[in-house]
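Below you'll find a set of structures to go through.
In the two complexes below, chain A is the common chain; its partner is chain B in one and chain C in the other.
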Partner chain A sequence: MATTYTLISSVTVGSGGAANIDFTGIPSTYTDLLVKYSIRDSNNSISQNINLTFNNAGGTAYSERLLYGSGSAAQSFSSSSAANINFQYATGVAATASTFSNGEIYIPNYAGSTAKSVSVDSVVENNASGTAMGLNAGLSSNTAAITSVKLASPSGTFQQYSTAYLYGISNA
Partner chain B sequence: MTNKIVVDCLTGEVQEIALTEAEIAEREVMAAEYAEQKAAEDAEKAEQAKAKKALLTKLGITAEEAQLLLL
Partner chain C sequence: MTSTYEKIATNTLGSAAASVTFSTISGSYTDLVLVANWGVSVNGDGTIIRFNSDTGNNYSDTELYGTGSSAASQRRSNASFIDITRAIAGDGTNIYTNAIINIQNYSNTTTYKTALLRSNLATGTYAGVAALVGLWRSTSAITSITILPASNNLLSGSTFTLYGIKAE
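Presenting the complex of A and B:
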């Protein structure tokens, strides 16, 4: 059971927007990592995926499975041998103005020497019937300790006032 | 010009840096992959909606009536 949360770093996107947010130089002194984000993307849609990678490694190392709700239907999606984990959501500019998505990315045992599992809980804010919410289970087959985490917009930019907070969690 | 934000967790330094040509090329690949994935997801959603509608038609009930049957 996690007993301590320590804020490692945080960032707020400025007026120019940003294609991605990179947390680098992550110390290995914690047990787990948690990223809490609130992001609006310039993509002209209600929801936009966010690409997640570790240690700047792409290739085919990632797989994931998503349980998804759109406001009117429930579905599941999966991918394997992918260059990133991308079933976590940002609010797009077609959604209600000035709303941002909420998401949590949990990475247990990030400093270990085995494959890295990830769980993501994210939801898009939109004052209409169409929206997006998802629970995602992902895996990176790379075994190196995670020292950097990148959140990237696949085709737009993260808008001003989007935020990301990186926490280190130490188990008792 | 598209920038990225790099947060150095050791020093706390936050930098806004222009993407390199390689990173811009990588984004173009990501965008193409995303468009392909989105199209596949949309097709799957449309297929499911079509199947749902066909089932309701076969049963002779509306979606609202189907919901009532589940209560």
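Presenting the complex of A and C:
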């Protein structure tokens, strides 16, 4: 019987930290991709954005719509013609020690020839104010198959024990 | 090895179509997950789902959504469908919309059926991000799911895959 969920690669950040987590050489043999991450960032904040790009492409290919809850208000934001998708969250070092964000990035039909539509759910919880919960719609207008996925810290490094797992989901 | 997460069926449209239906869904799973990536032929057209071809007013939904400039919630009772893109509509020229629909305990014949949905459209006039809960007031096991635009066609190249999850 076919395996639907397959672990393609995983990263656990070591003691020196890492500026980014980069999954490369992704085969086109799956139907969808799913990244599950748990990240703490060196930025001196409670919640911190993460930059998401595909195939190392920057430029103006990305757009997004965010639904955001801070614990006291719900808001919505957007960006377009951007160099990355950045409305997904990491816990910053100003948050309670040992707390890490959780996030899921789902990319359907990643190997197809259409623009790449992305669904992201992410949370930062801190047992205090300053937290974040985001539901994000992302889009890369590039139509090439996705062969690499990069999560990057905008202004710091991902801290030790941060993890990210890349799964391929197959409908074969 | 038991496979917990299995593909039941997939449909990639080779040409525009009025609807996609997954039929004769086995009752042997615990939950269903439908992953869709699609476009519609007319900008702003919504996309809806129905179970077991039921067109009666047996559905309701509650939605939390963001447009990029505002966040809000809305609901609807006694509808004849669940609108999976209610706040964000659809893009009329490109396959830009995606949705992930979770339907728990779909095959029991005792309770009404609840679906948890996430839908996304990142660009365009009708862009937005939404989380929805949909209810089908029927105790029948779900044996078919139909996805269709409110009034026009699904674009060629749209993809739909139905997965089954087994709790064993």
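As a convention for this text, the second predicted complex is superposed on the first by the 168 of 172 C-alpha atoms of A that agree within 3 Å, B and C clash if a C-alpha of one lies under 4 Å from a C-alpha of the other, contacts with A are read in each partner's own complex, and residues count from 1 in each chain.
To be clear about the criterion, a residue touches a chain if its C-beta (ideal position, glycine included) is under 8 Å from a C-beta of that chain, and two chains touch if they have at least 3 such contacts.
All of these numbers come straight from a predicted model, not from anything done at the bench.
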| item | value |
| --- | --- |
| Clash or fit (per the criteria above) of chain B with chain C on chain A | fit |
| Which of chain B and chain C A:159 touches, first, second, both or neither | neither |
| Which superposed partner A:75 touches (first chain B, second chain C, both, neither) | both |
| Which of chain B and chain C A:51 touches, first, second, both or neither | first |
| Touching partner for A:88 - first (chain B), second (chain C), both, neither | neither |
| Which of chain B and chain C A:4 touches, first, second, both or neither | second |
| Chain B versus chain C as contact partner of A:126, first or second or both or neither | neither |
| Partner chain(s) touched by A:14 [first = chain B, second = chain C, both, neither] | first |
| Contacts of A:67 with chain B and chain C, given as first, second, both or neither | second |
| Following superposition on chain A: angle at chain A, chain B versus chain C, Cα, nearest 10° | 110 |
| After superposition on chain A, the shortest CA separation from chain B to chain C (Å) | 10 |
| Set of chain A residues, in rising order, touched by both chain B and chain C | 75, 77 |
| Sites on chain A touched by chain C in the complex | 1-5, 31-32, 63-68, 74-78, 80, 106, 108-109, 112-115, 117-119, 121, 135-139, 141, 169-172 |
| Touching residues (chain side chain B, partner chain A) in the complex | 2-12, 14, 16, 19, 23, 26-27, 30-31, 33-35, 37, 41, 44-45, 48-49 |
| Residue ranges of chain C in contact with chain A within the complex | 3, 5-7, 10, 35-37, 64-71, 88, 94-100, 118-123, 127-131, 157, 159, 161, 163 |
| Touching residues (chain side chain A, partner chain B) in the complex | 8-11, 13-14, 16-27, 49, 51, 58, 70, 73, 75, 77, 79, 83-84, 86, 152, 154-155, 157, 166 |
